[in-house]
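The same chain A turns up in both complexes below, where it pairs with chain B and then with chain C.
Now for the complex of A and B:
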């Protein structure tokens, strides 16, 4: 028996939002008479933090404190349409909708403030809840006073709507799959390096290190980005070595019925994690952001599989890489055969990717 | 029968074999213990019974008459959070939040029992609590730091595991 150490690397290219686009999000913002801001959106926050991030976007875009903004996504019937929280789109697509709505609210606040202050709106700016004359910050009016003037003096509601929709790219040539527009909105890149220990007697694979780099465009909330990366790492570890839903040996009746027999990672399975966040701004996301939801659990299984190959010289071509599969692969190798590595043929559209990313810049990190 | 929930005497009318989890959530309206797997595997329903962490889904209420039951509501309020609760906020250790009450209860019991800041020991203490969002790392960091207390809740802890390249 021996423990073998191996290292492997895998990378992914990830299109943010729905493939072929066509997934709208809308938002509506209104300002109360005291300057507090209500945002109505249909984006569900499933723990990914989109409520926090969209609140940050609205507060920063209008120029009011974060805690002045109430984000109401509690009612998808009365809220504007949001296609949903999937495909890493909540920050990228829905965040752009609230950004546009906030820009319109900001413009309307400046127009009303301009009338109140008798200064042209172009010569005004908003910071931390106050409208100020550019270059003469003592000439100022709070956003609350502006909203009160709109309500009680001008007889109007300061409001703004925003929507984000990248047009659906329909397939124009079924033979080649060619589409009649740009089929995705922003490309993210990620890489994962895995270090594993493989026990050649038990077949057990222990993941000891996952070092991962993610191009997120702009980390609007770095702690939440870390949460997505770290959570994705453990989901990817589960996909790589632990979690299986079908088939079960010797048949499906023997599948797990509870957490005692379904092997999801626990804190005891946690390897060393290193997160590298790369800010390579997108042209069309809010503040340059891209998505970091789904792509965070894609690269780990492949990186672990290559690390297993590095450790014991066999390719395990099915996930998860269970002890049984490792031992069968080792037996096959010793018998002179063994599974061959077969990958699908991938066409890389360099022009499309480069045009979407744009810079060709490179980054290096010591970890 | 009576139980004491977060310091308050409560009368229970559910039958004695009713899981404590259902008594808390459905009869007494104490909602922080979560009904996850309801067979002892996930840890989301964990509460302190006379100071010891117990799976409330597997604890018949009739087996703990007059017990002192503590849930996260009993550890602190938003304006007076316990050190462990503050650490979870400061380290951003919750995402969807479903596992968080059980994690905080288990971490509180671990630290009150003299648990150290050693990563492996904390990991062992929390290994019965499933989290599918966070990847556990921020939870372990929060528990390791919790004993120090005094967190600035207007800021988020810098992660020692992250490099940002712009």
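Now for the complex of A and C:
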């Protein structure tokens, strides 16, 4: 018995927003008489942190402290359309809707403040809840006083709406996949280096280190970005070595029906994690942000599969890489197995191919 | 202090950590009924008889809903995009997966509801089932879906999502090596701590307040409104805080049936799936089957790719055509390959329908492409970083469907992990940038695909 160490890398990309776009988000904001801000958005928070992210965006865009902002996504009577929390769209698409609404509110605050201060709105700025004359910061009025003036003096409600819709990109030629516009809001990038230990007697693969870099454009909240990176890494580890809804695939029998009989990662499986955040801003995202939510479980399985090859010299290309699959691959290797080589062709995994398993379709290098 | 860029604590974190956040199942309403479902015990069967009259007389039963009670029985996840739908809210003529709901009972408690489910008179005729998507093309494959075993409604009524770019035949002729592999990620569970749950409350003004664990309030409201054939102002969805959703909580699994039962009984109706139902009856991530054939040069340029993808959709289409289309747009991964021939199919089997899950359509292709890249590096004896940096997307390169990459960071993220793992890269790879290709980074096969336009 021996424990073999191996390393592997993977490098991936992932789109922000629904594929082909066409997925609107809307928001509206109102300001209370003391300057406190209420945001209404329809974005469900599934643990991705969109309540926090959108609140941060609104606070800075208006120019008020974070804890002045209340975020309400609780119901469809008060909140406008959000297509939903999926497709890594909440920070970018829904975030841009609240950003636009906050810009309108900021404009309204400046208009009312301008009348109160008898200064043109273009010569005013807002920071930390204070409206100030540009270049003369002692001339100031708090946003609370501005809101009070709007409410009791001007008889107005300071409010703003915003909507984001990246236009739908239709497939204009279904034979080539050509599209008539940009089919994503942005693209994010990541790379993962995995280190594994493989036990050649039991076949067990243990992931010991995942070093990962993510370009998220701008980390609106680095702690939440790290949460996505680490949570995704563990999900990717599960995909790579543990989880299977159909352990006797293709049979649909003997499925795990509870936490005790379905094999998923637990704290005992946690590898060392090293996270790197890169900020190459996107042209259109709020503060340059791009999505990270989903892609964070995409790079690990390939990096792990490559590290397993590096450790023991076998490619396991059916997931998860279970002890049984590792041991069978080691047996096949010892029996002289490997790809078929024919001229310049190198053909792996023939036993898994539709050419072998099916009778109705073939897939070869002939075009 | 600026909020953007700050490590602020989660807005609702204290509530989650102290157990004070209110989730759907925490909401209790006076007079609330509870639901159990009659589900298919077979992977594929015809329904020969369905009679609920005895069950309706059981103690504590307030309402039973079957296919006959649904104003619009068949409405799909992609119907709002004008894509044909295939899945009935409740099984009518047949059932196509084990666990498919056929009838739901609302009763005073779950025991009474289950007793009534057990009293429903139903007769099945078991039919042959299909489980291996690689056999979906076989002439003798069991016919398990009224559209056949392959989804037929891609644009142009094609049964395949195609990408064609450049000339793969020529690329393979010019290649020094043609490397072929098969990649098969498994289905996995969504496994949220909060199982599928909904509560529908009929209000005195004729509206319904629907407490929902959906990831998409307006999408799910649209689904309920369509099935009930009612306008949106008849519903108020309450939610926005989800106890774990990774794609599966877009399915709108309980809300419509709770509302139909609430309408029929005139009482609030809650349906919380058991842990076993969540595991066995909710949608999983799809199993995928991918075959990649790459023509490469000895020094590691990828000249062309021919790829086959099969996506196991289970018994109904749900979001699968969307997933395969997204997959096709990203089948070159973080690299620029100018000659492409991609065919992707949505295959029906008798599994629980698969649906969206974190990384939808692309998690699969990332595994396939990156494992294949590692194999190519190994076969050619080329450093795995160098192979990737060479072919990495750069500004001005174009995607499989001809879209210009504006701000690709493949080079940056590879440099970052190399640095963090003390991996020395040789020149020119250590100096590579994401800037537009020129000189040694612009071999002949990549010239034609470049886009100089700033438009997109």
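Details
The rule we apply is simple: the second predicted complex is superposed on the first by the 330 of 367 C-alpha atoms of A that agree within 3 Å, B and C clash if a C-alpha of one lies under 4 Å from a C-alpha of the other, contacts with A are read in each partner's own complex, and residues count from 1 in each chain.
Convention: a residue touches a chain if its C-beta (ideal position, glycine included) is under 8 Å from a C-beta of that chain, and two chains touch if they have at least 3 such contacts.
Everything numeric here is computed off the predicted structure, so don't read it as measured data.
Of the two partner chains placed around the shared chain by superposition, chain B is the only one that A:260 touches, whereas chain C remains out of contact. When the two complexes are overlaid on their common chain A, residue A:365 makes contact with chain B and with chain C alike.
A simple residue count on chain A separates chain B from chain C, and the partner touching more is C. Look at A:20: by the touch rule set out above, it reaches chain C but stays clear of chain B. Contact with chain B, but none with chain C, is seen for A:230 once the two complexes are overlaid on the shared chain. When the two structures are aligned on the shared chain, A:138 is found in touch with neither chain B nor chain C.
By the touch criterion defined above, A:293 lies against chain C but remains apart from chain B after alignment on the C-alpha atoms of chain A. Contacts of A:273 after superposition: chain B is touched, whereas chain C is not reached.
Overlap of the chain B and chain C interfaces on chain A comprises residues 46-47, 49, 219, 222-224, 232, 235, 258-259, 264, 274, 276, 278, 363, 365, 367. Partner chain A is touched in their complex by these residues of chain B: 37, 39, 41-42, 92, 95-98, 122-124, 126-140, 156, 159, 161-166. On the chain A side of its complex with chain B, the touching residues are 46-49, 219, 222-224, 226-227, 229-235, 258-260, 264, 266-268, 270, 273-279, 363, 365-367.
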